[in-house]
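See the structures that follow.
In the two complexes that follow, subunit A is the common piece, with subunit B as its partner first and subunit C second.
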Partner chain A sequence: MRKAQGSWEKRILKSLNSMCTELSIPLARKRPVGEQKELLNKWNEMGTDEPDLSLFRPVYAPKDFLEVLINLRNPNYENGDSLSFRTHLGLIQVPLKVKDIPELKEFFVELGLTTGQLGIDDSTQVPPELFENEHVRIGQKVLAEQDGAAAQQYIRQGSPTALRADLWALILNISSQPEDILYYEQLKTNVIQHDLLVDSLIYKDVKLTASNDDYYFVFEDYLYQVLLCFSRDTSVLGHFAYNSASPPKSYIRGKLGLEEYAVFYPPNGVIPFHGFSMYVAPLCFLYHEPSKLYQIFREMYVRFFFRLHSISSHPSGIVSLCLLFETLLQTYLPQLFYHLREIGAQPLRISFKWMVRAFSGYLATDQLLLLWDRILGYNSLEILAVLAAAVFAFRAVNLMEVTSLAAAEAVLADLSTLKVMPLLQIFLFATVT
Partner chain B sequence: MAGKVKWVTDIEKSVLINNFEKRGWIQVTENEDWNFYWMSVQTIRNVFSVETGYRLSDDQIVNHFPNHYELTRKDLMVKNIKRYRKELEKEGSPLAEKDENGKYLYLDFVPVTYMLPADYNLFVEEFRKSPSSTWIMKPCGKAQGKGIFLINKLSQIKKWSRDSKTSSFVTQSTKEAYVISLYINNPLLIGGRKFDLRLYVLVSTYRPLRCYMYKLGFCRFCTVKYTPSTSELDNMFVHLTNVAIQKHGEDYNHIHGGKWTVSNLRLYLESTRGKEVTGKLFDEIHWIIVQSLKAVAVSAWRGAELGWGLGRGSFGEVVGPASSWVLPRACQVNASPSLTSSTANDRILKYNLINDTLNIAVPNGEIPDCKWNKSPPKEVLGNYEILYDEELAQGDGADLRSRQGQSLGPKGGRSRDSGRTVLTTWK
Partner chain C sequence: MSRVSVPCHVKGTVALQVGDVRTSQGRPGVLVIDVTFPSVAPFELQEIVFKNYYTAFLSIRVRQHSSTHTPGKWVTCLRDYCLMPDPHSEEGAQEYVSLFKHQMLCDMARVLELRLILRQPSPLWVSFTVEELQIYQQGPKSPSMTFPKWLSHPVPCEQPAPLIEGLPDPSRVSSEVQQMWALTEMIRASHTSTRIGRFDVDGCYDLNLLSYT
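Now for the complex of A and B:
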């Protein structure tokens, strides 16, 4: 796994370097004073008057990453020559251990049919006395007592909208202390003083994704304020201790290969890819104070999101999620799986982008937040794979009738009307297997 | 089974025509026998003018109340609301209660407004009380943000002064009527931008008042960050949210059109300001709509037959610096919804809006009958919700769990929204 991650990183860096050379733009440069002043003035509206980004392209897109994952092989693993019905017919060929439905039912026990859920039991047809009122009351109590562990347990049943911002902050251990605000201001100063090549990549990404999104376009300027600072935040390097990835290194001009002249590039070690800004966008619905928004995002990234684009064997890593998704589909919806495979529409090719983005930009925001509640509650990203499988199960009838990858994509193009919790509940607890 | 409804319209918009055709209704011309006429505002004025004295027959419906302009012209709206408030005060109604500063507690939802040139001197008096304030000038008879501008100096509106030396008796009468209102210069901003709310309201009768609100309203955002700075007072991209204006801005995006659904707004406000503030805001909005309709119920009803009005309202917003409440202010009502669509989502919304409207106005696709006066069953409402049904309210006085407005008891107070997307439960 580490070898694969290492060579993937080399490729990304090569791509970044060649873009740099082609466009004759340095990876980093200090801004002249005039430019610094200008940027400071524009800080709250960087969305307008953007630089010419036409020559920039994202360093990679999720589908490039998928190709790498598909080609992962374990050289030590002996599968035997014969194909049996145990053979995995999906795209991922790495034999990692993933949970099956009985194990998932146990893991996600609070999502069961007999437990109240926000996202189901708060709909207008259900009288609030049955579940919602009590649930809100408990949430308020948890917040009053600042009990992080209780909050994490509580949020498995979903968070009331009004309490969500505070609950997430509690679970992620974020409290806006003066030193945090100061730290953010320091990052902002770094942005003003130095221009990085990745800044243009961030601009481009926001313009391509969030700016065109019905829900998130309003927050475009916040996204720059968060992501530009994020790139310069060296504290993020800390997460590489438990990440199979390593931060890319760059060398001061003329000193290639000399370790004393190596710096991490970008300073936080994370090269953004196409869609990266969508990790931040939903958070803007919860936090409108930039330094708090920043802290929450950073914590979400180093706890969860980084696993979605690095190669590892972790159960919440993207490889495991892909395998979990494919296994669930092959085991519990075999007809659908075989059919899609036959017509050249491997399901993972469609669901991969959902999982890499944690469904941001695909679900309606209120549904997305209910989903992310459960990521925090269970401290695991496996729910993304389960939801992906549940979506296929939900649209199975239509999918059985398609005859091409394009048609399958079309059936699954619009997830904005889906209600996440009923889908998950039915798939895990109410499907006859 | 009665014959098919015969329809006429003088507005060539597909969202309308597709809806008529899908019901199998028959298109006729206005000179023939028609049941349903979707008229433009111009036509209504002509058809129902005092000279023509046209009377609708028992099986005809039009889409506007003849006197709709009592609510939809900016000056008349303000006049009617001011008159309504005074009437309530005279009756001693608890609704007209004022606070110690003389401000209405429950009916203060229109910004301070004067007509020009008629109230010019009154306006000057008010202006001098707070000379650093900004005011917004709006022509009474125009739409789409045309002709609107902001002022912060008296000299900018010299033209409207009644004793302006440049006027003669002739030009005085042709001087265009404007309303001037105190500009709300601390609007609620989201993402640093100003926005307003566009809501659709259907009135089927004024007496008794029966109106419906469409659940799927939307917010329109400016493309440029808001600033109260005086140097940007003439930058309409900062201050006016009309799509007709914003779409010429550099940053206008054709995919989302700068629009948010009301449910996004709700989610954002609940998440960042809590349920109580959000509930109160929507409560207030519904309250304002009903009170505005009541204010014109007297004049609008005069001469109205079986008509109904589908209008849309714009609300600007205020956030008080000290409190964290968000207060809506009614800015204007438009007689008809804009039937042009700026994005794909728009088109779908408007198509469904007209569809639901027709289901309520012409139930079961039957030939209209002016004697028919029942409330439509719930299934027919589609995305509409009953905003206020006077008949039901008066009959149901004791039912506190009713989701409709109720007649006001002696205390005249209003209870908070119970927290869901239900309409007000006023005690």
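Now for the complex of A and C:
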């Protein structure tokens, strides 16, 4: 796994270097004073800037990453040429241990049919006295006590909209101290002083994804403020201690090979890919103060999101999520799986982009936030794979009738009307197996 | 507790298989590794450390030195220890494992030879073994230090020598020095953990290309 991650990283570095040389733009440069002043004035409306980004292209897109994952092979694993019980019918060929539905039922026990959920039991037909009022009351109590463990347990049943921002801050252990605000201001100064090539990649990504989204385009300026500062933040380097990835290195111009002039590029070690800004966009609904929004995003990234784009055997890593999705689909919807495979539409090819983005940009925002509540509550990303399988189960009837990958994609193109919690509940607890 | 590595000679793995190795289709599911200690006298085993490579179950048999002249018998000291909870999947397949004396079924006082029996029932794996095998025996107990006599038998309190004229009172000086030391410790302990987060080198962040190494 480590080898695969290493060679994947090399590919990304090569791509970035070639972009650098083709466009003759330095990786990093110090801004002249005039430009610094201009940027400082425009800080709150960077979205109005229309730099020429036509020559830039994203370093990689999720589908490139999927190709790498499909080609992961264990040299000690006997695959055999003929079809046997040992052949993986899906795309992922690595035999990691994933949970099956009985284990998932136990893990997600609070999502069961007999437990109240926000997302189901707060709909207009259900009188609020049955569940919602009591749940809100408990939430307020948890916040008053500032009990992080209780908050994590509580949020498994969903968080009321009014309490969500505070609950997430409590679970992620974010409190806005003056030193945090100062730290954010320091990052802002770093952005103003140095101009990085990565900035243009971020601009391009925001323009391509969030700005085109009906829900998120209003937050364009916030996204720049958060992401540009994020790439200057050296404290993010700390997460590489438990990430299989390593940050890219570079040397100050003219000092190649001298260790005391070695630096990480970008300073936080994370090269953004196509769709990266969608990790931040939903958070803009909850937090309006830039430094708090920044802290929440940073914490979410170093706890969860980094696993979605690095190769590792962790149960919440993207490889395990892909395998979990494929295994669930094969075991519980074998006819659908077989049909899709026959027409050349491997299900993972469609659901991969959902999981890599944690469904951001595919679901309606209120549904997405309910899903992310559960990610925080269970401290695991496995729910993304379960939801992906549940979506396929929901649209199974239509999918059985398609005859090509494009048609399958069309059936699953629009997820914005889906209600997340009923789907999960039905798939986990109410499907006859 | 300290431990000392015991030099061991690990003989090559021997596959146990029914029938002829060349003609039969399947791969052996049982391997035996013999570990001898040619240069060391019978010792007390403390710990066994190794890196697993796709072995599912491990049994260990030990031959101990017996006081009588008959050669020691082989005794099983670890039976079917599970290294991989699911032999068909990757969990536990490449982990580092430590086995201690207290996990063994029998006393490990005078070990002559060890035999590791590896089992991997799943046909999915091409090969399996354990790597980086190391055996440890009990290290020497921390040497009992002989305390200097004046620590264990404190001299009864003497009258302080008469003060020399002009010098400050030593007890007052020592208490002031102690207070200063306490202050410096406080300052050292209370510095903020927030880092400054410099990513440039002396204000310069002029980069050319990314490095591949």
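Keep this in mind: the second predicted complex is superposed on the first by the 419 of 433 C-alpha atoms of A that agree within 3 Å, B and C clash if a C-alpha of one lies under 4 Å from a C-alpha of the other, contacts with A are read in each partner's own complex, and residues count from 1 in each chain.
Here, a contact is a pair of C-beta atoms (placed from the backbone, for glycine too) under 8 Å apart; a residue touches a chain by one contact, two chains touch by 3 or more.
This one's a predicted model, so the numbers in the text were calculated from it and none came from an experiment.
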First (subunit B), second (subunit C), both or neither touched by A:176: neither
Which superposed partner A:161 touches (first subunit B, second subunit C, both, neither): first
Subunit B versus subunit C as contact partner of A:93, first or second or both or neither: neither
Subunit A: partner with more touched residues, subunit B or subunit C: C
Subunit B versus subunit C as contact partner of A:124, first or second or both or neither: first
Partner chain in contact with A:36 - subunit B first, subunit C second, else both or neither: neither
First (subunit B), second (subunit C), both or neither touched by A:115: neither
Those residues of subunit A which subunit B touches in one complex and subunit C touches in the other: none
Footprint of subunit C on subunit A - complex, ascending: 10, 13-14, 16-17, 20-21, 26-30, 74-78, 86, 94-97, 179, 183, 186-187, 190, 194, 232-235, 248-253, 256, 260-265, 267, 313
Complex interface listing, subunit C residues touching subunit A: 53-54, 85-86, 88-91, 123-128, 192, 194-201, 204-213
Footprint of subunit A on subunit B - complex, ascending: 190-193, 221, 224-225, 250-251, 253, 255-256, 258-261, 263-264, 267-268, 270-272, 274-275, 345, 418-422
Of subunit A, residues touching subunit B in the complex: 44-45, 47-48, 124, 128, 160-162, 164-165, 211-215, 217-222, 284-288, 365-366, 369
